[in-house]
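Okay, got some structures for you below.
Presented sequentially are two complexes of subunit A, the first with subunit B as partner and the second with subunit C.
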Partner chain A sequence: MIKRVAIVGIGTTGFRPVTPDVSFRELIFEAARKAYTDAGMEPSEIDGFITTAEDFMEGYSIADEYCPDQIGAVLKPTQTIPGDFIQGMATGYMMIMTGAYRTIAIEAHSKASNMKNISELMGFAQDPVYNRPLRETPHAVAGLEMTRYLFESAASSEQCAQVVVKNKMNAMRNPYAAFGAEITEGDVLASEPVSLPLHRLDIAPHADGAVVAVLADEDTANTLCETPIWIEGIGWSTDTPTLEMRDWGEAAYARLSAEMAYRMAGIENPAALIDFAEICDEYSYKELQHMEALKLCMPGEAAYMLESGATSYQGELPINISGGARGVGHLFEASGAHKILELVEQLRGHAGARQIPDVNVGLAQVWRGVPTATGAVAILSNM
Partner chain B sequence: MAITEKITDTTVPTFWEGAIPVRYVYTFGLAGEKFFRTVKDKGTFLATYCDECDISFVPPKVYCDRCFKELDSYIDVGTLGYVETFTLSFRNMDGSEKEIPKILAMVRIGDTDGGLIHYLEGFEIDEIAIGMPVKAVLKPKSQRKGSIEDIIGFGPVR
Partner chain C sequence: MKLEDFELGGTHLKSSDFKQGKVLTTEWEPNLKYAWDNGVAIGRYLAELKAGRIIARICHKCDRIMLPPRMFCELCFRPTDEWMYVKDTGVINTFSIAKVNWDASRRGPKEPPLLPAVIEIDGASEGMGIMHMLGEVNPKDLKIGMKVKAVWKKPEDRTGSITDILYFKPVTAKRKTKTKAAPKAGGKR
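So, the complex of A and B:
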């Protein structure tokens, strides 16, 4: 019987606003090569492969056919999950738990700079009959949600701007991050309005990059490496796609995916047990809304916790020490991957200038972006 | 072996620019057909109701997304609603700037659990508040075609 599953290798290209020198497949190849070197394995020794992609974002019909070569998966069991890296990791976890696979490689990437009409591609996700005919910016869905969240939580636009300030500053210590900067709350509020209360700087810009990780069962993990990073809990959830039927204040998908992951990890009091978290801040307010949904604080307390400094890199619960999506860049299916990468680096003690001392348990949470209400949570530990 | 040769000259990288023309017909389905036909002919909104869950769906669905029961009774829920949330939108779907920013709102219809996302017309942004009552403004009957575009937006309740 398989007891636990661990991450035994991880590799990345890092994240940049543009990558005109390489194709998306070469980008993935670099991350895969590094992951296999990190795991001390060749892909021929890996039992199965999972990639994550959405056809429209890739510019292919049946984009999964273009995945095997660059991860060493030609003529091996391979499949694509049209979801986030963390959802792919959940599939890999389950495959190993069946006992049929000892090792699985998971891949995610973003080549956003290849997408010429990125705003429309995101807009095509809206309901074609009820919503899309209005030809609204996809950010308007987030603008609607932000207004409602601020109303219910009593948080302010100024406090949301502080999330951006914190995360872009954190990104200054992350060599992988594309958008580190020292900015002020005033800079965020003075940036162009996109869909008020959202300003341009409240929204994570896109970045390119790839991440590959190798999972292994407990026995294999203990043979392969000194510090396997264990998957203690994993959960995912999707609310209705009908915007009109949603609860606009609460991120129910995040609450339910966290509850699933906490149950699996045996965590009753997440705020006390979790040492640090990488959570979705694709829009500034989302970090606060997600903190509450993940029960890292009480409803309505996230903004207060932020202002107290508790979520800063020296605080008691550092959030988005990597810089988050606001500092690293929005990475489509690789959004969860950069969070898992940060957890692995921190839990191995390899995070350099941004290393948090004495960390054992980290949480990664991701959201699939507007107009979705899909999210996933993973809890990793080094013990 | 990693990639050993890299491009170091920014004038070198080239690309092929492609496009995928994608065209679809999005069928309304049974519930959508009833909804838009009623907007066109009677100028009012329909909901379906699940008596197991006490939830009413606008736009209507033929199934309850909570208990998975089939729903086949439609109720006229009128054209009054209230603002659940709103935003002042400055951009179009293609990312271009709007000439004039527009107020987009999620309007709960009547006492249903659903509603419609549409523009607020005839208000200044400072006048809008969550919970404010509004009424749908439809195109004249002769111009309605049976789509979301039959609705101009939501305006003040007089």
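So, the complex of A and C:
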């Protein structure tokens, strides 16, 4: 019986606002080749492949048909999960646990720069009968949520702006991140209002990039590498798509996916056991809301924890050391992949200037963006 | 409960109800736009088409001359090595005789059928080439293995697109084409 599944290889192109020099295939090839070389494998030795993509984001119908060549999956079992990388990783985890596959490669990418009217595309995700005829900006869904979250948690717009300041500063140490900058709370609050209380700088800009990871069962992982990064827990969940009925204050999808992952990992007190976390901050308030949903602090305490410096680079529970989505950019279905990449680099001790000392357990959490209420959580360890 | 109890009901509709606008539907026309980065391989391929040439890419490990060109070999899973011009002639691998258009409308009785074909290009590895249209040919004469040659747009009309070639037409048996080794193209990736 398979007991554990590990990440044995990972590769990336890094993340940039635009990538006009390469096609999506060339982008993905680079990440895939680096991942397989990192794992010490050829794609011919990998049993199955999972890509993550949405047709409308690719601009192709049946986009999954276009995935095999650039990941080395020609004539091999391959499938596409229309969800985040962490959801794809959950599928790969389950495939290995069946015992039918020893190794699975997972791919995610963003070519956001090739979508020429992202606002329209995101608006197209809204319910066509109830919501779309109102012609609201998709960011309004986040604006509505921020208003309710601030009301329930007593956090402030200023504190949300501090999330942006922290994460953009963290990104300065991350060579993969394109949006590192030293800014102030005032800069965020003075940036153009979008859908208040959201300002422009509260919202992550988009970025391009690809990540590929190789998963393996315990025996294979131990033969392939010295430091397999174990998947201790993984979970995912979806709240209602109906905006009229959703719980706007609490990110229920994040709480439920974390509970699933904690149960699997046998974690009872996440705040004490988890050394660092990469969590979704696509909108500034999301980092605080997600911290509470993930039980990394008590409800209503996230903003105080942030202000105390506990989630900073040198704090007790560093959050978004990579720079998060505010520092790296929003990567659509590759958002979870960038978080897993950061966890693997930190847990291997390969994170260079941003390495957190003595880390053993990391948490990655992702949300699929407006107007979704879907998220996923993975807990990785190096022990 | 009986299974029928789970049915949510509704009203029986007649076609007149639709005509009279009694049945409400919600319409939406998506306005989605994309501009895909061609990247290294397809970028060069299109630039060469604009110049009236067809270019392929070689993988030295498996010795395939790939057309359309690609910067990585999907079989050896490594970067490819070299550019190479191939000819604008080839043979028909397969074809079809299309009597309907892209939008599923039927072509008129006086409109000739469209003739999509996969053409294995001379100089590229076996089984590789260009998917294009055939022209200047009676559909009844089409055969697998038929030799064809590209008919290009005028240089000033070319835009760097697969449509810079108008179509492929049969090469008449009389005009003998000697197969010469295609010249290697300069430039690195």
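Definition applied: the second predicted complex is superposed on the first by the 383 of 383 C-alpha atoms of A that agree within 3 Å, B and C clash if a C-alpha of one lies under 4 Å from a C-alpha of the other, contacts with A are read in each partner's own complex, and residues count from 1 in each chain.
Simple rule for what comes next: a residue touches a chain if its C-beta (ideal position, glycine included) is under 8 Å from a C-beta of that chain, and two chains touch if they have at least 3 such contacts.
Small disclaimer: the values here were computed from a predicted structure and weren't measured.
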| item | value |
| --- | --- |
| Chain touching more of subunit A, residue-wise (subunit B, subunit C) | B |
| Touching partner for A:M245 - first (subunit B), second (subunit C), both, neither | first |
| Subunit B versus subunit C as contact partner of A:Y36, first or second or both or neither | second |
| Partner chain in contact with A:L144 - subunit B first, subunit C second, else both or neither | first |
| Touched partner set for A:Q70, first subunit B, second subunit C, both or neither | second |
| Which of subunit B and subunit C A:R135 touches, first, second, both or neither | first |
| Subunit A positions touched by subunit B in one structure and by subunit C in the second | 20-22, 26, 29, 33, 59, 114, 116-117, 120, 128-129, 132-133 |
| Complex interface listing, subunit A residues touching subunit C | 19-27, 29, 32-33, 36, 42-44, 56, 59, 68-70, 72, 74, 111, 113-117, 120-121, 124, 128-129, 132-133 |
| Subunit B partner contacts - residues on subunit A that touch it in the complex | 20-22, 26, 29-30, 33-34, 59, 61, 114, 116-120, 123, 128-140, 143-148, 151, 192-198, 240, 242-245, 248 |
| Subunit B residues within the subunit A interface of the complex | 1-3, 6-7, 10, 12-13, 15, 17-18, 20, 24, 26, 28, 32, 57-59, 61, 65, 84-95, 101, 104-106, 113-119, 125, 130, 147-149 |
| Residues on subunit C engaged by subunit A in the complex (per definition of touch) | 26, 28, 30-42, 70-72, 74-75, 77-78 |
